[in-house]
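Paired with chain B in one complex and with chain C in the other, chain A is shared by the two complexes that follow.
Right after this comes the complex of A and B.
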């Protein structure tokens, strides 16, 4: 009997599946657990319409979480993303209404986002200021600008054509999913298949190595934060289409979800540890969490608290596995 | 020694005798001077690196070897002096400038990125690209494989650096420098972390590079390397050039004599010390993971014991292990007859105090007042009732400031505004308040001006006169000779030997540290 057990335990297939179990990240376990719990407590969760909803809602978050991953890999942080995204929806809506052109509106929003991203990067790189403080400052600036530009209200009356970017589809796939997929591919290529990607890991892992390779740390940092701005500009297109206008607090606090998704995805805040695939899972974890609690009619205050708990749980699981 | 096997590598097949090679140096440093605040690190040093030659750089800790190499590779900019490449003056202001000149450096502190693969680390910033401008991963891995094979390193090039051992990291660092096809290669103690097999491999590679006409500057602390590899030897002392000679023209003893004899101001003179009392610290055969091996030593009350050795020989690790900051894998430590439990709190409670090398990070809360810092470790002792009494605290602070002659405007001055010497006194005072009987000093005079150094020595003297015991880690040989009653010398993370008072001399310390004779 004992011999038989040992035989099973040492068989290759058994060991292989054990290794597979171990290789699955904390985020994947968490996602599976959340899906299981929500499908048990609310019958609506597993419906096709709801799952589609989870994915759609996740696209904007992914657009922020992907560049946030790169920023955190450099041991940085961008707290200004949510406020900047809100500002960009207002800019997009105002310019679109004034000019009648969606392209001009989008260009203006993208420009605003790039300028703000460059400001973050320049302050952090050139003056060696802590990212936390710099982006906290630009958060305030962007929020204030948005409120002034929108006069504190929703900017309504944007072109109906804009709605396609949220509700339309191409080849049977929803437009926001196309956008998210394209950005994911682009950033994936950037991080793993260009020289720039290596710099991102080195910015967090060993800046001395960059200097000795003759690469400018300051310029590399600037580009990383500008990439964050560019993605916020793209997300503004989706967000404006979704709410059918601009709103100065449309994305308030979304940077919290983005940072949470990155953390749940296993990207550490030190030494350039982590990567993009975990972030995709992290976005799904945060998205499912929010969606499930919505279905249970939980107020957003409870949702924020729940996301916070999930982040800590995911980090704890990864830390515990790291030790074992 | 097993190292003798290296001799099988033949250097005699070189084209031409390198010792008569007086062609224009590939790279030449002339009259390089470099100041750091309070220190003249390099004082008009010249060095010529010729193709096909290994130029050994030797000198005590702090002689200026590493600073010179950092000037050469653009990490530091010289205050004065000239750098010539192929006889023409050039500017080397950044690492990029040095690379253009074909200088590659194998660093001692690893310039590696933990979460990039081995291949990506080797080619960081120089990744091979395909037609689309994307990284050609297949080619990069192939090239990296070839580099590792050359070094006999059997590692998957896709592995992350994180998780490699120190020796493997050092080998990757070497592969990285080799991959740059440099004309001038700088090696800063490359074998310090390597095992014998890897060292052998590295020496083979160096022999190959010599044949290809590469110029090499090689910093070493091992005499056997100097004579096995070196064509020329340059000795530095106190940032000054002492001599450059052909390796065959000097004996190890002559080199040691050239290295020692730093000039120091000597206002401090050892007075008579009381006869040593009971054994206070008894370290029995301790080892710690990846740091020290089988270290035994004793310190008696009323005694100053030196712990000497070259940088990286494991001195600080011994102090950390004794104080319980690092876990022991074997052996035991007794303090005043009681076994230590391996926690800094326990060590402190028994009466041990560590005065760390980086006092600003580890020894002081710089923004807090002098008084706060003085009482930091002794609060429990001073206030048994656990209630803080500002009047009593102030009184105690003032008493210690007087006792230690700390120069400060008052007890409420922020500690960061004090000079290095006075900050050091605050750290000592902190342990006095805590009732410490054994003081472990790690480089007590680092970054302290000459006058204050002497005062620190007097202070250490006072401590032992009052019956305390002192274990003093120091890189400065002269300091150990002048201050200590006897000394242990570390080499390769073991105790290489013990020198009693009548044997204590700079030459003897250095001989043990470099393990010859």
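Right after this comes the complex of A and C.
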């Protein structure tokens, strides 16, 4: 009997399917459970319009969560993303209104995001500073700049053409979905099919080995945070189109949803383990959770607290897994 | 823990001061220069009324930053204290108005802070979640709970006996200043002259070494988070008494300011070094900067930017100093 069991367990196919089951667990189970519960308690959840809404709302979050995955894989963190995204909506709106050109407005926002991302990366890589405090500092800086640039108000009156980036569609697929999908593919290629991607994993899992191999980790770290900046710049285009203007606190706290998505998606905070597909599932989990609670007319405060509880639970599971 | 070795190394240079004392003198000099510059820039700065105001603000910031100092000393971080202040103040305010009992309200505020601190400590020690992310998650949970609890409303108008805690005077000096001095005294004695304090330093300097030499690391780490939470709860009472009102978003800018005060004060984010006196000077420097901006009619919109830059510069100088000393 025991022999038979051992035989089954050691057969490759069985082990493979066990691994598959194991990899599905976590985010996917949670997503399935949430969808089941919400479709039972509210009839609106499973409607086509609502599901489309969940996907659309998830695009901006995905644009932040994808680079956040890479940052967390390097044992880093970027708390400044939400404030930076808010700053970029203000920059985009102000420059667009001043020049009349969407391209110039977008370029200015992208530039601002890249500069802040580079500042994060440079401080963290060159001086070996703790990422969470550096990005907490740049969070304050970005928030302050946004408030000063916008004088604390909403910047209104952007060109109507900008709205296409949120409401328009191409070949029957909504524009934000195109952008999210393209960025996902690009970052997937970068992480899994380039030498840079390998270094990202090694930065978290085995930084000492990289040092001994004489590979400079500083540049890779800088690029990771600049990638975060670039994605925030792209997200600013969607965000500005969505709120039809710029606002200095438009995306405050969105970095927490991004971190939540990464944590729920199974990326570990210390050890360089995890990946992008988990994060995509994590984004859906966070999106579905917020959407479902919203349909149940729970205020956003309850949604935030619920996301917080899920994050802590995910980290607990992660820490327990790391110990065993 | 390095401080025991450093003076011997530096002694031949002819200075009597240890590096830590030098750092304190340096910070006092910065404070003096800031004061001088502001005296020249604004007539309103060097008036008794304004100085007392600065002292009161600094006391509030110190109360909040004192517990955080212990956490950072111990190699951790508490990002939830601002949100802790908001929830504790809202609960205390509601209880005071609901029952009319100031004492019960204070107990609820302090108890809420302590409970949050213990939860943070358990997440970091028992669940082994990295401190910055555990307390960051806690921040958003507390924000959510506070907003839900307040439902967008503001509570204001408290009995004079309670408001004295924040805006009263004794012998011409604001009451919070006495609170600050009491916390400073008790905290300094605890940290410098008891085994408990030395064990906290040892845990922050090198957790593994401390554990191997028999320091109850688990208990010390749990205790510093509890202390930070309790100080958040106490600070919330003083804030509540000072503002005479409570609302959901009251603590939002405080976390960054408290961290800035601790870091300016010379406590190292890498653990193991720093003092409460340093944090007091850090709180004074930050308050003078913010007060100066106010006197020179710089828009409050600049505050997060300035505070953020100060945080980055302090961490940077901390890291450079460590590199110089080969740490």
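Everything that follows uses one rule, which is that the second predicted complex is superposed on the first by the 288 of 324 C-alpha atoms of A that agree within 3 Å, B and C clash if a C-alpha of one lies under 4 Å from a C-alpha of the other, contacts with A are read in each partner's own complex, and residues count from 1 in each chain.
Following the convention adopted for this analysis, contacts are C-beta pairs under 8 Å (C-beta built on N, C-alpha and C of every residue); 3 or more make two chains touch, one makes a residue touch a chain.
Small disclaimer: the values here were computed from a predicted structure and weren't measured.
S.K.: Putting chain B and chain C onto chain A via the overlay, clash or fit?
M.R.: Clash - chain B and chain C, as placed by superposing on chain A, overlap.
S.K.: Looking at the overlay, what does A:41 touch: chain B (first), chain C (second), both, or neither?
M.R.: Neither partner.
S.K.: One more residue to check, A:193. First (chain B), second (chain C), both or neither?
M.R.: First partner only.
S.K.: Is A:185 in contact with chain B, with chain C, with both, or with neither (first, second, both, neither)?
M.R.: neither
S.K.: Kindly classify A:201 by the partners it touches after superposition: chain B alone (first), chain C alone (second), both, or neither?
M.R.: The answer is first: A:201 touches chain B but not chain C.
S.K.: Going by the contact rule stated at the top, is it chain B or chain C that touches a larger number of residues on chain A?
M.R.: C
S.K.: For A:209, is the partner it touches chain B (first), chain C (second), both, or none of the two (neither)?
M.R.: In the superposition, A:209 contacts chain B only.
S.K.: Once the structures are superposed on A, label A:273 by its partner contacts, choosing first (chain B), second (chain C), both or neither.
M.R.: Only chain B; A:273 stays clear of chain C.
S.K.: Just one of 240-248, 366-374, 402-410 or 474-482 in chain B runs into chain C once the structures are overlaid; which is it?
M.R.: 366-374
S.K.: List the residues on chain A that touch chain B in their complex, please.
M.R.: 189, 193-195, 197-199, 201-202, 204-206, 208-215, 271-274
S.K.: In their shared complex, at which residues does chain B touch chain A?
M.R.: 73, 75, 94-96, 99, 105, 107, 109-116, 120-121, 124-127, 129, 133-135, 137, 162
S.K.: In their shared complex, at which residues does chain A touch chain C?
M.R.: Spelled out, the residues of chain A in touch with chain C are 77, 79, 123, 127-130, 132-134, 136-145, 147-148, 151-152, 253, 256, 259, 263, 269-270, 299-309, 311-312, 315-316, 319-320, 322-323.
S.K.: What part of chain C is in contact with chain A in the complex they form?
M.R.: My answer: residues 77, 79, 123, 127-130, 132-134, 136-141, 143-148, 151, 248, 256, 259, 263, 269, 299, 301-309, 311-312, 315-316, 319-320.
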